[in-house]
Amino acid sequence: MIETISRKRIEILMDTPLVPRLIRYVKDADISGWSLIHIDSGGGRNGEWRHDDVTGAAAKTILLAVANETKAQALIDRIAPILESHGLLLLVGDVEVVRGERF
Amino acid sequence: MIVETLTSPVILFFVLGFLAAMARSDLSIPEAFGKAMSIYLMAAIGIKGGVEVAKSGFTADLAAAASLGLALSFLIPFVAFWLLTSIGKLSRANAGAVAAHYGSVSVVTFVTAKEILTGQGLAPAGYMVAVLALMETPAIISGLYLARRGEIKQSTDHTGSSMLHEVFTNGSVVLLVGAFVIGLVAGEDGFAPVKPLFDTGFRGVLCLFLLDMGLVAARRLVQSRAISARLAMLAIGLPLINGTIGVIGGTLIGLDVASTAALGVLAASASYIAVPAAMRMALPEADPGIYLSMSLGITFPFNVIFGITIFATLAQALG
Amino acid sequence: MIVETLTSPVILFFVLGFLAAMARSDLSIPEAFGKAMSIYLMAAIGIKGGVEVAKSGFTADLAAAASLGLALSFLIPFVAFWLLTSIGKLSRANAGAVAAHYGSVSVVTFVTAKEILTGQGLAPAGYMVAVLALMETPAIISGLYLARRGEIKQSTDHTGSSMLHEVFTNGSVVLLVGAFVIGLVAGEDGFAPVKPLFDTGFRGVLCLFLLDMGLVAARRLVQSRAISARLAMLAIGLPLINGTIGVIGGTLIGLDVASTAALGVLAASASYIAVPAAMRMALPEADPGIYLSMSLGITFPFNVIFGITIFATLAQALG
Amino acid sequence: MIETISRKRIEILMDTPLVPRLIRYVKDADISGWSLIHIDSGGGRNGEWRHDDVTGAAAKTILLAVANETKAQALIDRIAPILESHGLLLLVGDVEVVRGERF
Amino acid sequence: MIETISRKRIEILMDTPLVPRLIRYVKDADISGWSLIHIDSGGGRNGEWRHDDVTGAAAKTILLAVANETKAQALIDRIAPILESHGLLLLVGDVEVVRGERF
Amino acid sequence: MIVETLTSPVILFFVLGFLAAMARSDLSIPEAFGKAMSIYLMAAIGIKGGVEVAKSGFTADLAAAASLGLALSFLIPFVAFWLLTSIGKLSRANAGAVAAHYGSVSVVTFVTAKEILTGQGLAPAGYMVAVLALMETPAIISGLYLARRGEIKQSTDHTGSSMLHEVFTNGSVVLLVGAFVIGLVAGEDGFAPVKPLFDTGFRGVLCLFLLDMGLVAARRLVQSRAISARLAMLAIGLPLINGTIGVIGGTLIGLDVASTAALGVLAASASYIAVPAAMRMALPEADPGIYLSMSLGITFPFNVIFGITIFATLAQALG
């Protein structure tokens, strides 16, 4: 049986124009990588939006990053202060990974 | 003239999209198709503008129009900022963000104006495309300055230079300017083989693109809980003021009537692609609900349906 | 005539797509491109139909064809429902859902028929586009009625009115009708500047769209585990019956041969865009595997390859 | 260190035409928002499907909603009876969030 | 209150050309279905990639599969040896499901 | 001639995309739009090639060119493999994967060459499209053979037959061959109604597609940490060698100058669609960073900007 290790699975939902900045934070936290998940539309307290809006002004994206506890905490600490002002949504879950040393 | 405008298929498709979204139809244009049309339109007006300038050469008019366009883009935000804080009761951040939108320009409004005016025998000069490109970004700098002025420098990790880089390598600016230069280099003869795509299909694509814009504008308007009656009025007042400034300026520097009308439309139009993205990055505390509702939900439809005719009439009256 | 049809590039691209999917090729058309082509095709036939009616005026033929189309869309589901429950052994829900598909129409089948018939000197009247739009939705109401009749009203949170709203603001209906009205308003002269896109490119786009439809139809057919031999036969029998009814009806009310053939094709065709979505919402207990396999996997290819020729021949024989 | 709160991460996979109905249920459960995740294709007991099917007839979507235990339970109770008939897939996981009061 | 059962939520990030092979492994592990989640771009130790690259050469996809412990383990055992050579990313989390018997 | 090439809008758009990506502009072409253009271009060259062969008939030249193309695709990987292991210091797996790319062909390079050559009065024969399709896949087999030769058979679950199936039902091969056959069947007359789309718009679409390719190639080049200076040099040396082999071969079997030049370009070009996907599946241990950086980041731009002119000049000198 293959051995697995516990890691943090971090999802950050944000306005697409903010993506480059958040990727910078991921790199600053020394996290090995990230993936951007495509979301089509959504709704919240500030109304509804859809991706198929040619202006791109309202598009949102989910950034997915897997990291160990320490790095995850570093990223969360960096992002928490701007969560409200930048309208981010931050979710942190637990996952088991194989090849855990890379994260 | 307004009747001619309103029975043109280009405008009718916009109205169709607008009404469909108001009736909450599920009609929608795939994002990639909308972006494809917008790339096509920018490449087409860029290259056609360049070919025209290759024919006419760099004239004093061109230089005058370019300088005036730059000045308008830099200065309109100051007027707008003052109205938005005094009448509109907006915070500095919100007023600065909105002001940047009104100083910058809307490519689609310009393209629509060009088609409508040309259809009525009032073809603006080819160099107006260059003016359009020049006007896209200065307003961003003015808007940020107005929002931040006097404040203790916010702890932002956007250094000025990275902001400037983003502004000048902005996709639509690069495409417009690049296609313009290609048109200049290729000239009439080089353009001939690609003309069928960029010329023949142009108006039809514009119809479908305005259908999309109608849907998007109306959906944005429906979502506009954030804006007050005062702001809604400013979203009509600002284009009227800015457009009038543009037409007067164009007349004073001696542009032909058609180019003057186009300059009025540029001044009146508000950005809803480049500027919102820049504001979201550089002024995250400003509320996108406000600037998008005003520029996209109100000013854009107003300009397309009424503004073009108003500024053309004004340019003819003054010219 | 069948030979002419089968060597037309439009049909050959359909066959290419069909064979490619059967050979499990990884050829695929991006979703956004497919949707873009379908929006283009609907806008184009809508506006061209409107321009033709603007020329010919509202005639008695138009009114007669429209009424007959409406009646066919309402009534065909009853015939189909009876066959589907008796011969096809389907449950009420499944039979009602399938019946709705056959009462409604397929835009692509109509467009292909229009091109093929026009290419053979049999151009249907412009108003047939309006008939197409009218036939899209009544069948949904009949199908739901048939499925639910006699049952204790299911606890569904779809009130009738919200269902009706969804049916009438359905994207394809809005686009077809809207573009038709734009064509009416713009007329021949207003249409001229946008004609290059909507007319010149039309057949070529139809080729690529049918390539996509060939892929989609064959992939659906491959997935068709859910349907029995009886249902497969009905997927060919129903278009034959419905198309014959349509041709006889068109002949009786005195339509020209070409429009009669087109009405036959409309009656024979089965929806695979508007109706499946409506059924999934309003009749979730019906199995999409059944109605999609029949309408998209079997009836659509049958109509495109054989049906058009059959109903044209029949219309000529009766006319 | 930033404080986080436990919330439920709910994923519902459904046929795209059912999305408006499910959004209604999310709102009925007083959940603050939702996001639709784009899926390209899939397969299950009823065969395979792909999104790039111009008819849109077979498209599926994942609705993601984050909520507290009570609201999540209300949503699950509402959806469970129609899971089978409507062919839905319902997954509920645990996540930690910052700004937890908004959910 | 609706009863739920624990299942494994498996995510595998891979180069798109490898999808057919991974689907075969999912089927081999007797898992009832899978869904492919669209990702737009990402970055890791081997540089950055974006989906909007017409060559398709660098596109990546996430395969999502829900399964019980035994089947999940079978899939992990099958994939673990090729994780490194094929550049896969494997995440396993816990979810609660209704209709659990189908997985 | 190089000046003519470099001022053609087609090439200028490629340069624009390349520079924009180098300047890290956010300009981007939606994936679906890029794929749509590539489907359009393949359908168009396929059908046009077929129509031309329908006119000219199956000639000895066609058979000779086809055989030579097949041979080149099979054999070029052997030359390339030897250079890549000796000079390039690559492992067997990496060298085999890269060799497969250089044996296969690039559709866009061919299309661009066809346009540029035709614009200079050097139109290649219609059957060269068939040669293009034939050359796409044999190199994959050679490359895999070279990578695996002498090794203990790797425990791979790709049986040879499933690999072959994937290679021959590859989307671009199916589309090219299918459209070619459609052109053959339809002939000049059948092609006429769809000609406006497939002919008139062709060059314009190619401009926008090369804009996309410029962006993609430059972004790939920027990401190229994996490749050494030796490999970068081979990415220019290999097209020069292979293209020269192609031109000499074409001259020897007596093809006309234009077709010889096109054959040179085909031999010089490297695949970046079909082959990378096949290698990722069948040779997962090979590093995509190497083969994509070489074929897409260096060889493709080199061929488009310089290679076409070089091989045309060489073909004229020898012919």
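For reference, chains read A, B, C, D, E and F in written order, and residue numbers begin at 1 within each chain.
Criterion: a contact is a pair of C-beta atoms (placed from the backbone, for glycine too) under 8 Å apart; a residue touches a chain by one contact, two chains touch by 3 or more.
This structure is a prediction, so every number in the text was calculated from the model and none was measured.
Hopping across touching chains, the smallest step count from subunit C to subunit F is 1.
With centres computed as the average of Cα coordinates, no chain lies farther from subunit F than D.
If each chain is reduced to the centroid of its CA atoms, subunit A and subunit B end up 33 Å from each other. A straight line joining the Cα centres of subunit C and subunit E is 39 Å long.
Residue positions 28-33, 35-36, 200-201 of subunit C each touch two or more of the other chains. Annotation for subunit D: residues touching 2 or more other chains are 37-38, 93-94.
A list of each chain pair in contact follows: A-B, A-D, A-E, B-C, B-F, C-D, C-F, D-E, E-F. Put simply, subunit C touches subunit B in their complex at residues 30-33, 35-36, 39-40, 43, 47, 165-166, 169-172, 174-175, 178-179, 181-182, 185-186, 190-191, 193-198, 200-201. If you check the complex, the residues on subunit E that touch subunit F are 15-18, 20-21, 24, 46-58, 82, 85-87.
Every residue of subunit B that touches subunit A in the complex is listed here, in rising order: 28-31, 34-35, 37-38, 157-158, 209, 212-213, 216, 219, 223, 225-226, 272-273, 276-278, 280-281, 284-285, 288-289, 292, 296.
Subunit D meets subunit E in the complex at residues 11, 13, 37-45, 60, 62, 73, 76-77, 79-80, 83-84, 89-94.
Considering their complex, residues 7-10, 12-13, 16, 19-20, 23-33, 36, 119, 200-201, 203-205, 207-208, 211 of subunit C touch subunit F.
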